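Below are structures written as structure tokens.
First subunit A sits with subunit B, and in the next complex the same chain sits with subunit C.
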Partner chain A sequence: MTVFNAFLKVIKKNLGTIILYTVIVVFFAAINSRTDDSSTQFVGEKPDVMIVNLDKGTELSGNFEKYLTDNTNKTEISGGDEAVSDALFYREISCVITIPKGYEKTVLEGKTPEIEIKSAGTQNSAFVKNIVSSYIRTQNAFASSGENKAEIIKSVNSALSQKASVAITSKLNTGALTKLANYYIFSSYGLMSCILFIICIVLTSFSETTIRKRTIISSMSYKKFSANLLLSCFTYALAVWILFVVLAYFMMGSIVFTMRGAAFMLNSFIFILTALSLSFMLSTFVPEKNAITGIVNVLTLGSSFLCGVFVPAAILPSWVLSIAKVLPSYWYVDSCNKLAEVENLRSNFMPIVINMGILIGFGIVFAVLGIIVSGKKRKIE
Partner chain B sequence: MFKHNYIYSLRLMLRNKQLVFWTMAFPLIMAMLFNMALSNVESSEKTEPVRIAVVNDDNFKNNQIYKEAFNELSKGDDRVFDIKYTDADNAKKLLSDEEITGYIAFKNFKPEITINRNGIKETIMTYVVNEITCQSNVMIKLAFNKLSDEISNGNYNNIQKIFEEQSQKAFNGEDGIKTVTPKNMSFVMIEYYSLIAMSCMYSGLFTLTLMNYLMANISAVGKRSTVSSARKSGMIFGSFGAAFTIQLFGLLLLYLLLIFGIRADFGSNVPYVILISLLGSAAGLSLGTAIAVLVKKSENAKFTVLIAVVMAGCFLSGMMGITMKNVIDKNAPVLNKINPEAMITDGLYSIYYYNSNERFIVDAVSLVIFSAVMLLISLRGLRRQRYDSI
Partner chain C sequence: MSDKKVIEVKNLVKEYKELRAVDDISFDVYEKEIFGLLGPNGSGKSTTINSILSLLKYSSGNISIFGKEMTPDAYDIKRDIGVIFQDVAVFQELTVYENIDYFCGLYIRDKKQRKQCIEDAIELVSIGDYKKFYPKQLSGGLLRRLNIACGIAHKPKLIFLDEPTVAVDPQSRNSILEGIKKLRDDGATIVYTTHYMEEVEQICDRIIIIDKGKIIASGTRENLKKLAKIEERITVEIKKMDKEKLEGFKKLEKVTDVSYEGHTLVVSFSGGKNNIANMIDHLRNNNFSYRRVYSERPTLNDVFLELTGKELRD
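So, the complex of A and B:
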């Protein structure tokens, strides 16, 4: 109990750090969970666009605007030109479509109106261009064949309402699962920071020479002391893990406690074991207590950037991913991504088990290295 | 006294490994990490052809319109599709191996699409296929109208020509679209800007360390300097001058790496970039002073508090996810109005994207106010500290 109490004291002192990383993860998850749900039915992905209609009140421009609204996600950006430019820069909207003044008149004269599309040049904006182009060409074809306003609208609408049948093979609720996976992926940053930082501080505090000497002459056997310390570390890591799982439940709901949710849980549980063992190794390597913050920050931020936590693994360059394989986070994130995508969990569980095995392997290597180094250190003293 | 204290503060700081790490090495390490992680982000959002398969059975072979349309859509550099023509079983296999986005099979001349899940590529594929159906319907309708006119006029010879004309109209007609892409749209730059902001704020570690040498309730050196007869202002300005010097040197290193190594773009308004860097560093120095005064704990605890504050600021200004800054700006603007890192990041962004405007001035003034408030807080904590004996 003495050891555990001392442990609690250190935690109390560093509560701010734990709260900070927890808040960061919660914050991220809250923002992430606002994105749309997609289901097992085919639902067209709608690019976010802003529509400016300068020919308001005319039937043809109204019909065009309605078509755009149906096929895109019409977004209003308030706050003037600068807010619109900001929204474009941060990819909040893919483009701004401007329907010019005198649009209807131009169409009825048999000419092509000039539609301005202001975009960031992304794939989504190319898609929007396609939607606009398709509408305008259809409208032109009917307008030039001498139809009147009402006929044009009717013909265009009936022509563009043709839809091919779409079958979707996945029976997964990919939207909810992706959110859950993103939460677990991002939480690896929080878990790693909380565990590495606190445990390193505790272990280095206990190994300070004066404290070590006091521990050695105390009535408690060294074995018992080490066992207590280990148990305390594990209890702490477990508490952090439970905190993050409970938070997941509050933000994602019951999906956390499904079969797949359990697989995510198991994955992150193994990850905290690896993190524990890594912090043990680090504490034996770290030259002084002051260096801990630096080393922990470089490690957590570094592996988060390189392993696909902050930037999705799918868009990381392949050479970066090959480097990332030497870091435990890579295997953890890989499992999370697989868990979100794999159709049949039972028959495809093997790759995930292998990833977990690699994580445990990392844990063992870290522990062995830690034991060797700490043994050598003790001999020198 | 100024000169003496300046030189000794410089030596003090440069010998402190922890300080050198956080203020000089850490931002450089992060810059290299960013460069590795972000090098693909923007090319990944560019349009690339959607890979699909088409079931090449008799149903498809007899469908002249789709055959030609697919042929047209998979030609050239800005093609929409990369198409594999194959049989049904192989198409299924390609889809389950994620080699393709989806495949198309034809039944009674109608396309049927199969995809794995919802997504933008799937949507583009479906939309384009629908479009072909629409345009062919338009063509047929127009051609028939035209034909019945011609036939009623007694013209039977132009059937082929009419179909070609109408097909040209429906598929390749003019659309009058004018695309405008603003300059400087590279949004990963925000990451590098938040890095500059981080480096500016870490300069607080210098003043934090130096203040500890001046405060009698923290260190032995502090006791001695407090009771010495030297002028306090000389000592404080000397320390601050030294901290500012080293900070600017560290920032220069970071800029050199970012501009020449990583080729980050800071826009064309160099004086403004320098101004915001100076103001940002000043904000960092004053934040360090305030924390040194307000947090009445060990030096290590102060260090941790400052680093935590800076990291939280980084998160809010977009370092761990670029869109975060925009999300905060829209939903909780107050947070970024008091966050000096958001001011620096936003200042650099306004130079890059808007080539400096009122927004830059707001950011610059906010930084000045932030520094002033921090210094006032520090002064309140420091003034009237007179010790007769310790």
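So, the complex of A and C:
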């Protein structure tokens, strides 16, 4: 208990750092939970358009105008051409559709009428162009087959009235899962910072030459001392992990303790073991205690930016992600993203297991490097 | 001091590639004595101590403590050893009390017993007012005292002090030396290494002088001082001196050496009685304008100078 007590006292002296990183994670997680993720929702939308029919009184132009009116919000702009231009510029309307004079005649001759579309250049404008294009192509198809006006109108209306029904079949609570994934992704920064900073401080304190000499000459066996220290480090890392999981429960609710939530937990647990191993390696490299803050900040912030913690991995350039693959955070974040996306977790768990295996591999490499360096350092002393 | 041997070092050799840091040295340390290892920096004192403590793997020789062979795994021996290193070995993140508690806790598990030991150590080095202070809030002298408290809190029977007074103010130095004497009086055996001869003369019962890894002299203070050619040194502050008059001092009885530098005349005598009276007579008879006159007995530095041709602090 002597070693553990001293360990706790060193942590107590650095409690401010732990609180700071925890508050950062909680703050960003709170912002994340307030952001409504609507990417999986479907909402039908009708764009505002102005329709000018220069072939008024003809049946075919009338049917086309009616079709456009049904599928858009028909808007009237008074005040002439300038007012219309202003409406387009200020995105009050998406398009101005002009049905040309002689529209019906052109169609009956089997030709394609020139529909003038003045666009505001928005996404809705593109949608309107699609509607127009679809109608004209359908109408042309029936007109070229020799049908009369009434038949063309009937056939076109029948063809365009067919609608595909869209239903979201996924049973996933995608909104909540995305929030949970974002929480775990962002918490990697907090977890890594808390573990790296504190463990490095503690290990460099305990391994200062004079303190280590005094420990070696004491009646406590050095193996027992090392085991106590290792256990203390693990206990601390475990406590930090539990804290972040509990916070996840308070912020995200019961989803944390679902099957998928457990997979997130397992992923982050393996991540803290890797971070623990990295701390051990770093403590053997760090020349002095004052350098720890700088090194830890560079490592945690750098890997968080590169691996998609602060910026979604999907929008990072491929060369950045290629570099990020040499960092443990990349594989952790990748697992989080996969856990939020895969429909069937059981059949798609293997890639996540592989990522976890890579994380464990990183941990083993860090530990081996740490053991080699600390051994060499002791020989030099 | 008893005749019971606490440490026995036989033919100890420690080599670093081509350098022989410790060259075939042997000595014994007896129970309840303050044993001094005196030598200039780099003479091999710390290497000897580190070898005895099994912190270093020595090249050859035998070391036994409390009658048992000392090895890195000899935890039964280590239980009764306390070490105070030259560099302060404390945690910056722990208070004075917590630091002592930690190092004492490596030996004593029982909380109650440990608490008493910590209080005793704090009292011994007089840092009771600083229990809740962090090391960075302490002066150099107080830090050294804390360093000592951390090393002796578990009440060891054998204590190694490796240059514990380096860069310490006179007040703290006296406090530390008095504390060491008290530890000896309470029954501990002390091995004290330093390059400050005054400290060795002040507290050590027996001394070995080491130079270039070899023991060049050993014995009690008195025995060692007999190795010096001089028995008395008289120093006089004289305003003016010429070469002819300086030669006149050499004619005095038992004079071995005369020197004059910076208005200070130093005359060494190999023996004789009434040297100071003879000296004053000579000064008066020759109309010297002088101020202070004082006499000194030979120091260990003189012994070292005699044996090696150089000063301890060279």
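Convention: the second predicted complex is superposed on the first by the 252 of 381 C-alpha atoms of A that agree within 3 Å, B and C clash if a C-alpha of one lies under 4 Å from a C-alpha of the other, contacts with A are read in each partner's own complex, and residues count from 1 in each chain.
The rule we apply is simple: contacts are C-beta pairs under 8 Å (C-beta built on N, C-alpha and C of every residue); 3 or more make two chains touch, one makes a residue touch a chain.
On a predicted model such as this, the values are computed, not experimentally measured, just so you know.
Engineer: By the touch definition at the top of the document, which applies to A:369: first (subunit B), second (subunit C), both, or neither?
Structural biologist: Touch status of A:369: no partner.
Engineer: Applying the document's definition of touch, where does A:214 land relative to subunit B and subunit C: first, second, both, or neither?
Structural biologist: second
Engineer: Considering only touches as defined above, state whether A:108 meets subunit B (first), subunit C (second), both or neither.
Structural biologist: Neither subunit B nor subunit C is touched by A:108.
Engineer: Of the partners subunit B and subunit C, which touch A:119 in the superposed model: first, second, both, neither?
Structural biologist: first
Engineer: Looking only at subunit A, is it subunit B or subunit C that touches more of its residues?
Structural biologist: Looking at subunit A, the partner in contact with more of its residues is B.
Engineer: Identify the partner contact of A:243: answer first if only subunit B is touched, second if only subunit C is, both if each is, neither if none is.
Structural biologist: Once the two structures are laid over each other on A, A:243 reaches no partner at all.
Engineer: Have a look at where A:251 lands relative to subunit B and subunit C in the superposition and call it first, second, both or neither.
Structural biologist: A:251 contacts neither subunit B nor subunit C.
Engineer: Looking at A:265, would you say it contacts subunit B, subunit C, both, or neither? Reply first, second, both or neither.
Structural biologist: A:265 sits against neither subunit B nor subunit C.
Engineer: Please report the subunit A residues shared by its interface with subunit B and its interface with subunit C.
Structural biologist: Residues 13-14, 289 of subunit A touch both subunit B and subunit C.
Engineer: Can you tell me which positions in subunit B touch subunit A when the two form their complex?
Structural biologist: On the subunit B side, the touching residues are 17-18, 21-22, 26, 29-30, 33-34, 36-41, 44-48, 80, 95-96, 110-120, 122-124, 126-131, 133-135, 137-139, 141-142, 145-146, 166, 169-171, 173-182, 185, 187, 300-301, 303-305, 307-308, 311-312, 315, 320-327, 329, 349, 353-354, 359.
Engineer: Name, in rising order, each residue of subunit A that touches subunit C in their complex.
Structural biologist: Residues of subunit A touching subunit C: 1-2, 5-6, 9-10, 13-14, 201, 205, 208-211, 213-221, 225, 289.
Engineer: Going by the contact rule at the top, pick out the subunit A residues touching subunit B in the complex.
Structural biologist: That would be residues 13-14, 16-17, 20, 23-24, 27-28, 31, 38-39, 42-47, 71, 82, 85-92, 112-124, 126-127, 129-134, 136-138, 140-142, 144-145, 155, 159-160, 162-170, 172, 174-175, 189, 289-291, 293-294, 297-298, 301-302, 304-306, 310-311, 314-317, 320, 323 of subunit A.
Engineer: Under the definition above, what is the set of subunit C residues touching subunit A in their complex?
Structural biologist: Result: residues 53-55, 72-73, 75-76, 78-79, 81, 83, 85, 87-94, 98, 102-103, 105-107, 109, 150-151 of subunit C touch subunit A.
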